[in-house]
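Okay, got some structures for you below.
You will see chain A twice below: alongside chain B first, and alongside chain C after that.
Up next is the complex of A and B:
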């Protein structure tokens, strides 16, 4: 797994500093952006000095047999790159593949400006000051605050709708993400104003949804895989904040209308909720 | 003396890339003959400008060619032939030359030269090409932004199998289509760099 947006593990098996980057990055002195279980993610430039990009490097695993390690690294990088190119062809918003070398274990992807849905939601929660102080249910409190600010709610639901549509489009073209969390959904600021710029508070709910981290993605049209994608996302919403959980209904509503097979997936989601992500395999 | 622009690819700054463009070229047949005879004096990538869409397009193929050459994994004999080969999504060298290389009657040319040794400089390339190419040198621009100015977008779409509808059309299709030309090229180059990267795998 390569959750590039996941928090760095407190007891990561290998320190990021012990790795020598492969050619041509060996002498580039790059700082690690995040670290997943299998990949190290750096920010750098590629092709031109003003093209920011993400470098994803899967270092060799010392605990694996070298031949097996090479094969797995190659297969996983290739799968990720193929899925991204496929999505891009079909107009699904994902980072472009700018370069890569499977033998050496690196992949260079387009830099996506903006912040993660996770961050946007966290900040929203923080902004509303949703604290269950006098023992009241936070969800009730959220509804109350939300009703006071209709505009904010409308924009928030708009964002949820765009999440639903983005996931729907992805599933429609025959791809399941495999690790669909709020950290793997980016909100890209609208227009050409994609400079990191000063803190934006007013319009940070605007912008299009870009899906990132396809390290676990598969090309599949099974409703089970699609339902599991939604289930994982639902859990991610629930984990963010109790108040964010009910927002997920809007994600599902728009998802359900986004493509032909979506309704069946929502039915399957109900089954997945009962049993969890892992299916019992009997017989 | 031809107007040559020199680009430093990030992470491969030790190997600058020299690019120049010509129009009203009269001796394409001669240049092509030198390539076929593998004349070491003429170790360039001569490209058909109608097949080059954007700087990113040409640079992603250039960087991969250089990288494969330096790590001894190139499929062709020189990094310059590798560049022509890398541009085509298929694994056929002859086909790559037919599509992306020059023909006997080409009157516009993009020439790319990699500095693998320090003797090859902006001046040396400009002098040599200025003396052997019978044509008018055209400025490529500081960031080689003009490489795509003679592009035949429909031809490029065909080779990279980019449907003008962005695949199956529908929602995403409108993003690819119907937008300003620069946006369309941006969407196209995003897929094309991926295709070039995935070539042969």
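Up next is the complex of A and C:
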């Protein structure tokens, strides 16, 4: 604690993160990595001071009735841990569960190196934007990029394919993510190339896809749930950039070949797309 | 510039007159009148009867609002009306009234998206610059964020609207529809304290209410006076569950779902402002929950009172005038209405952020 200072600030700005961490982390001084809607995510270490890990804490929601809050926190935390363990067992790339306490609302997970697909896409869109000064249509531009930078496009499509396969693999083992956005897909740099070097940016499209944040995941084999997963991902792509929708086709293509039953899910996806309310009906 | 707005997409007919003195000054509400068609307890409002109600009231309300505003007909620049979404027959009767005025007074028309009307009025009243908007009413449940000249829908209901869920539960319990069912359910809920288990259905960014309504209806069937006391629904502590408790449980559950998806949208967009609009937005418990969530994220919650969050003519006038000032009008032959009109179909030409 800081020593006694002269005068406390008359209007000390309230910290954005006012939560106290639960035991045994209460007295540790951890920095928040992200504040999701559900959980606060911290970086800490596990067993050795050099092994990073993620602490995911679901604080009580002040707006929710305490009984409902406890019920949801416990159910979601346990479901998350179970799903992660199951994925691990089946060989789907997800963070390992290192510890947890569902009464207190925390989980400790393996640290995943790398960047999110969202970041990768944003940077790609940014590069696209640099070439868009003459204000042409983005789809034309995307086509132009395909022609001009065939190599980059091929690697980008390769990445999209790996996304499709990773999601397919997840669905195949009977898990639906529930919040499958581009922020919840990590690209882990391949093998031992983990020390950051100046030419790393060239290789950032390589690497395996690791799925993270299973806070809303369910164990299900319903094509409906699988299709909703894909729909959420599709909207995340569309929200990034109109040109990114084009890339999503590659995700779907590889997904469709990734496991038995994937084709049915793609058919169902067409129904899910139409389901938004108050859409203009044709016919 | 001055606009008159006609709204009648559901069971309220509203006429409002607004003035935009200059681009840098806040809009001035000159008149904001409304009349509601109220159906008997246990019944909803039928499109046909609602349209008859609107036709009976529209002329009276227009005359009254012009008188109240103290404007001359020649000072009015544009006539705005609700193009949709909403119930067909009520929309049609109000669109017809707008067309008639347009010919009679020789003034241009602007057809307005009802949802955009709510959003713009909410922003004007609360001065929230770029909030995530939760639009909750009897016919709509949407989480909306602005991006590149569109109000984009982040999450919405997959089946019935939240207000419809509340209204229909009020019918199950035979709670009166006057002044409106949601208000009465809210008063019941204030007296309730037992939280019974109801399904909690958040799917990604979307929510679903029909299953919760069915579950609540089933529970309501187990608390009737006609059932022997031994067989009636009890809490874990053995207390008898009342209508008030059911209203309380319903509100706590469905509002928590709404706040959850709104929080997800805020986390995604990276804003700490949230604005609640629409009829259900007048619920004080929902406003309180939103404010708690926003404060927890270091931001603030905004809401308007029943004059502006329940359907009204002034919001149609306001949003229509904003559009009119960008040079857009609706030609007489195009002045139709539609039951389906998504929020993200409207090009928001009056915002450039």
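The rule is simple: the second predicted complex is superposed on the first by the 239 of 283 C-alpha atoms of A that agree within 3 Å, B and C clash if a C-alpha of one lies under 4 Å from a C-alpha of the other, contacts with A are read in each partner's own complex, and residues count from 1 in each chain.
Assume a contact is a pair of C-beta atoms (placed from the backbone, for glycine too) under 8 Å apart; a residue touches a chain by one contact, two chains touch by 3 or more.
Everything quoted here is computed from the prediction, not taken from an experiment.
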item: Partner chain in contact with A:23 - chain B first, chain C second, else both or neither; value: first
item: Partner chain(s) touched by A:103 [first = chain B, second = chain C, both, neither]; value: first
item: Partner chain(s) touched by A:151 [first = chain B, second = chain C, both, neither]; value: neither
item: Touching partner for A:36 - first (chain B), second (chain C), both, neither; value: second
item: First, second, both or neither for A:48, with chain B first and chain C second; value: first
item: Common interface positions of chain A, toward chain B and toward chain C; value: none
item: Contact set on chain A toward chain C in their complex; value: 14-18, 35-37, 61-65, 67-68, 71-72, 178-181, 183, 216, 228, 231-232, 239, 275-281
item: Chain A-touching residues of chain C, taken from the complex the two chains share; value: 85, 140, 147, 152-153, 156-158, 195, 197, 200, 202-205, 252-253, 256, 259-260, 263-264, 266-268, 288-290, 292-293, 295-298, 338-342, 345
item: List of chain B residues in touch with chain A within their complex; value: 7-12, 55-56, 59-60, 63-64, 67, 70-71, 73, 143, 162, 166-168, 170-176, 187, 189-191, 193-195, 197-198, 201
item: For the chain A and chain B complex, residues of the former touching the latter; value: 23-25, 28, 44-49, 51, 78, 81-82, 84-85, 88-93, 96-104, 110, 165, 169, 172-173
